Amino acid sequence: MNLRLEVTEKIMRTKIERDLTWSGLARLTPALSKEYVTAALLGQMPLPQSAAEAIGVELGLTDFDIKVLQEPPYRGSLPTTVPTDPLIYRFHELVSVYGTTFKALIHEEFGDGIMSAIDFRMNLERESDPAGDRVSITMSGKFLPYKRY
Amino acid sequence: MNLRLEVTEKIMRTKIERDLTWSGLARLTPALSKEYVTAALLGQMPLPQSAAEAIGVELGLTDFDIKVLQEPPYRGSLPTTVPTDPLIYRFHELVSVYGTTFKALIHEEFGDGIMSAIDFRMNLERESDPAGDRVSITMSGKFLPYKRY
Amino acid sequence: MNLRLEVTEKIMRTKIERDLTWSGLARLTPALSKEYVTAALLGQMPLPQSAAEAIGVELGLTDFDIKVLQEPPYRGSLPTTVPTDPLIYRFHELVSVYGTTFKALIHEEFGDGIMSAIDFRMNLERESDPAGDRVSITMSGKFLPYKRY
Amino acid sequence: MNLRLEVTEKIMRTKIERDLTWSGLARLTPALSKEYVTAALLGQMPLPQSAAEAIGVELGLTDFDIKVLQEPPYRGSLPTTVPTDPLIYRFHELVSVYGTTFKALIHEEFGDGIMSAIDFRMNLERESDPAGDRVSITMSGKFLPYKRY
Amino acid sequence: MNLRLEVTEKIMRTKIERDLTWSGLARLTPALSKEYVTAALLGQMPLPQSAAEAIGVELGLTDFDIKVLQEPPYRGSLPTTVPTDPLIYRFHELVSVYGTTFKALIHEEFGDGIMSAIDFRMNLERESDPAGDRVSITMSGKFLPYKRY
Amino acid sequence: MNLRLEVTEKIMRTKIERDLTWSGLARLTPALSKEYVTAALLGQMPLPQSAAEAIGVELGLTDFDIKVLQEPPYRGSLPTTVPTDPLIYRFHELVSVYGTTFKALIHEEFGDGIMSAIDFRMNLERESDPAGDRVSITMSGKFLPYKRY
Amino acid sequence: MNLRLEVTEKIMRTKIERDLTWSGLARLTPALSKEYVTAALLGQMPLPQSAAEAIGVELGLTDFDIKVLQEPPYRGSLPTTVPTDPLIYRFHELVSVYGTTFKALIHEEFGDGIMSAIDFRMNLERESDPAGDRVSITMSGKFLPYKRY
Amino acid sequence: MNLRLEVTEKIMRTKIERDLTWSGLARLTPALSKEYVTAALLGQMPLPQSAAEAIGVELGLTDFDIKVLQEPPYRGSLPTTVPTDPLIYRFHELVSVYGTTFKALIHEEFGDGIMSAIDFRMNLERESDPAGDRVSITMSGKFLPYKRY
Amino acid sequence: MNLRLEVTEKIMRTKIERDLTWSGLARLTPALSKEYVTAALLGQMPLPQSAAEAIGVELGLTDFDIKVLQEPPYRGSLPTTVPTDPLIYRFHELVSVYGTTFKALIHEEFGDGIMSAIDFRMNLERESDPAGDRVSITMSGKFLPYKRY
Amino acid sequence: MNLRLEVTEKIMRTKIERDLTWSGLARLTPALSKEYVTAALLGQMPLPQSAAEAIGVELGLTDFDIKVLQEPPYRGSLPTTVPTDPLIYRFHELVSVYGTTFKALIHEEFGDGIMSAIDFRMNLERESDPAGDRVSITMSGKFLPYKRY
């Protein structure tokens, strides 16, 4: 796990030093969304070879670092089970408050099963609102029915 | 917290006994979404008086139960910090994997602040897909900038 | 969660009183394996209506209990995160010792993704061995590739 | 514990740098399965001397490293009790959901005792399936009856 | 787990009411040691049928209770991971202080493997000593070598 | 605590490099048992000056290291409360399963009090057995009665 | 553990109903201090028979309750590891802040060993002080040297 | 917190190297007790300037180190909530066993409030006893009544 | 602790049934603030006798309940260490984010010591603001200097 | 997270070396309060560019450090969930004791919602008092009503 962490920290350091943006880095690999690329650069997703090379070259990474970016990482981006950072905690809170609601409504609509977090995509964008702009997040995960056997 | 829990369990019992649905119960109070009403009936949101009465009468609740439904509850629907139920765990996992991505992209788009989990709405629906239908969840939370002082 | 727990305890009590077996109960519903049925009777899987009725009648359950058996349960069968029961702990230990090995070999064979615990089946049987019989467990879970987007 | 960890990290680094595979490394020591060898290289099993030397020479390890590989390690491959990595978590979930089922069915078939995690072997392979290939894992552990005394 | 707990509490209550002793109860089933019988009556081991009946009749248990005593229990006798009771804590402390010593000396003598806690027997007795009597505990567990495969 | 840890790691490294054994090191200080000396070299017990010097010289430790070995250490040899290593876990399991049995039998024999883990000695040896050799551990701790005042 | 807890709660209820004091109850059994008796009535120490009877009769306990009071209890009076009650937390804090100081000074004065919490007595009293009265607690525990063997 | 920790470790190293004692170091600053000075040198209390300089010069600390010794530290001397070291654990046990007794007796004598751990002093000394010397600890903390408002 | 909890639940039930308010109840005992009285009725502070009687009579409590309200309670109002309720969590978050700031600024202004949570008063009120009203909380705690001795 | 931590530690070191104060550093950026600036320098708030530059130049930070100070940090200033430092613990205790009171009174005054910890300001100052000066903290957070939808 440390190998990937070292690459992640190197990326974060370079991003700040050069005033880069996550969106800008994602544009170097147009087949992938900014959400996927950001997660990858933060150590949570592997990058395909071409993407790893495009971004790695831009950021001055070594060949070894670029290989590491292509490995499936040991996932989990948070240092504590209950996140202390307020922005991230709000998502934890949503799961705490709405967890049983997600369960009730998905079972009612689809039957027994889950929403996949693997066959999953996500989109995060600004939603203009005269009362103050809003963060809009759309999540789409395949419904996977529990297999009976 | 026990007062509300007793009402929640009574609601769950009656719903099963009478083959009711969360969506059906939500239609008794058309000003509110099925997501809000389900969360309320699961003990996570208060109901306005008219909604509490409409649903309470339908479910055969007592006057006291109907009052309890209108109180802001002690929120938190899950029995353990890391949820053991697989459907709910997948949401926990999304926060674990994407937590730092949410943080990076929201700060990049909006600056320092958070997505509110209070001035928040959510919509959960079926997304047809030939490769298997998907669960689609749209979350919208007001961006709240950190106040400098 | 309590509704299901009450039914589970009633089932366990009756099973002991009448000297029944899990395998015997599973034979009442031949389309399902003994593994699925046992998990269901222990509160971890819903039963289809016909299976719930066949077993419920056999065990003298009420109509309400039989309905509860058909609801997707809040899953998680263990009272503590690290199980104290030695038989169950050994499985926890296998995950602790072999977790990174599972990860390394699945990624090597299939690429980035997971083995589904939802589209999953399992078979547990006796393996005769002159040095002492063995427990043989075969698990089969669909490989789900991480979606890139 | 740190002595072994340093060797594990050195192995992981070299494996990525040279584009090696776990299976390929295991073929250097044909008397052992890929599952055992991978677990050993990830710090969870000792290697016999010949295997340690064969693999150590291939990977350019020092004589001291090769000795360390032969020591029984302090086992436990995961950084947290509940694993955050989704692939590994699915196994944790299986224990959580099926733990009491394992217990019920093993006791029913064998009486009081456990499935050994020590006199244990495991095989992980691809199972072709037109609906999507599957991960198939076969575990075999000796049944150990509780001694009465 | 509650079924067994209820029987355990009934046994403890009767033992106090009638001024019985664990050793005395164990003498009702001479084929078993006082250590095994005490553990069984405290809910940690199943009793063979004849022992369950002999002790159950003596204690005035019901037929159902006597059946419950014969079931392999969900083991784990302590309410917290770190025991608060000073007598029991001292054993926890011995594992904390001597755990790595046990590991070092067993591996040195036997190679890689464990001392079984299943094929295990124990004897607890008074050791007279002019400087104050001592508690002497002898544990004997089969050495189980890790299987290579 | 770090001062002692550094010495422990140095000892472990040298022991592997030179193919030494714990028993062999203990023979350098004949007044002490192999159990006590191993625990001391693993950082859990102080060594008397002569023993620290005899072993320190053998292992090439510095004068400072030899002084550190004579200091009462901050005890506790395990990295987690529930040990992940299977050999050590089995001892944890014995305390979990037999904790209340230890308490019941010691109180029955001695009255209210504890078995000392301080005025304590231990002996670990091989017990030959045609069905497979066994680990035999004898513990002897002074009974300390609770003082009434 | 529940048997004792029921007696403790009965004692607490009666003490409030009749405006009794712990000191007053302790005076019924003059051979014991108010500290020991209060701890016993709060479920942490057994009472000798005569004391259990004297206090039990005064409080209207049953014969069974009086027997329960004479049993060594499962000790540990606090519902959480870190106590939430501010008065009790201050003692937890003293251990946190002064723990290493206790260790350093006791080892310096006595060598390797501990202060017994079993051969222990305690006295709590008011210390008059013009700047505000103080709580004075004197603890006396036998020094137990670690046995070398 | 690291700044202070580095100074603490430097002090501990020098103390061992030069065969110093805590009491001896405390005598360099006669206005302060050995208990306060030891706690300060272990990183739990700030030293007044003159004391920091007297001891710092003796120990060969830098000017920066001496300044750090005067800063109020982030207190808490133990690496885990439940201390693993047996000497320190005994104090934790006393709080666990006697916590509710402290609360009962202080409230009975003083009313609602706490014993201060801030306006607090402590004295630890040897108490001669023919049955074995004892550790005697006297604690004195100001009673602080809860303010009503 | 259960005695007080039962009274608290009875108060909460009656308050909802009769549409009472915390402020209204506090006006029955004018010498105390609404903050203190609410905390007391929620089980965190004792009430003086006259206040307990005035409120107890109003709420129809028994004489025993009224006595229980006058006892110093075992404090701690939250079911989990990290509160799940969003309103209460925000205060936990403030301590997490600003904890070191509180420490830095209080030490800078006052020297080594703490802000008392015992000699403490608090006032919570509405602060009108055209951009949306605000919650204003003023806390005042006596500074307690650490005693040097 | 490490990038910011390194800058925080550099700031703390320099502050001690040069005998600076938090208030003095805050005066370098007059548009911001001492509370906000201290939190920022302790790693909990980003600084606006001009403030980061003014303070960074004063403290001799690098250009990279000054950029890091402008990034929204991963918040959470405490090493453990329950803080061990007594000053900070008192705030944790206030949340534990008064948490349900905050909830009750805010809901009573404002209805369902929370006090924002984001649109929040705080002021900490000395309150003179003949009985001993007090710490006065005023918190003001916008009330955010739960959105119904």
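Residue numbering begins at 1 within each chain, and the chains themselves are lettered A, B, C, D, E, F, G, H, I and J in the order written.
Everything below uses one rule, namely that a residue touches a chain if its C-beta (ideal position, glycine included) is under 8 Å from a C-beta of that chain, and two chains touch if they have at least 3 such contacts.
Given the structure is predicted, the values throughout are model-derived calculations rather than measurements.
Engineer: I-J versus A-J: which has more C-beta pairs touching?
Structural biologist: Counting C-beta pairs in contact for A-J and I-J gives the edge to I-J.
Engineer: Indicate the whole-number Å distance between the mean C-alpha point of subunit G and the mean C-alpha point of subunit H.
Structural biologist: Result: the chain centres lie 23 Å from each other.
Engineer: Please report how many Å separate the Cα centroid of subunit A from that of subunit I, as a whole number.
Structural biologist: Centre separation, subunit A to subunit I: 41 Å.
Engineer: Starting from the mean Cα coordinates of subunit H and subunit J, work out the distance between those two points in Å.
Structural biologist: Going by mean C-alpha positions, subunit H sits 29 Å from subunit J.
Engineer: How big is the gap, in whole Å, between where the Cα atoms of subunit A centre and where those of subunit F centre?
Structural biologist: 47
Engineer: At least two partner chains per residue is the criterion; list those residues in subunit E.
Structural biologist: Residues 35, 71-72, 74-76, 78, 81-87, 93, 96-97, 100, 103, 107, 113-114, 116-118, 120, 122, 144.
Engineer: For this structure, enumerate the chain pairs that meet the touch criterion.
Structural biologist: The complete list of chain pairs in contact reads A-B, A-C, A-D, A-I, A-J, B-C, B-D, B-I, B-J, C-D, C-E, C-F, D-E, D-F, E-F, E-G, E-H, F-G, F-H, G-H, G-I, G-J, H-I, H-J, I-J.
Engineer: What residues of subunit A sit close enough to touch subunit J in their complex?
Structural biologist: Checking each residue of subunit A against subunit J gives 9, 12-13, 16-17, 19, 79-80, 82-87.
Engineer: For a test of understanding, state which residues of subunit F touch subunit H in their complex under the given definition.
Structural biologist: Contacts found on subunit F: 1-3, 64, 67-68, 71-72, 74-76, 78, 81, 117-118.
Engineer: Going by the contact rule at the top, pick out the subunit J residues touching subunit I in the complex.
Structural biologist: Interface residues on the subunit J side: 21-23, 34-35, 38-39, 42, 44, 75-78, 81-83, 85-88, 90-110, 113-117, 120, 122, 124-127, 129, 131-144.
Engineer: Note which residues of subunit I are touching subunit H in the complex, please.
Structural biologist: It is residues 31-33, 35-36, 45-46, 48, 71-72, 74, 100, 103, 107, 111-114, 116, 118-122, 144-149 of subunit I that touch subunit H.
Engineer: Within the complex, which stretch of subunit B touches subunit D?
Structural biologist: Those in contact with subunit D are residues 82, 84, 86, 89, 93, 96-97.
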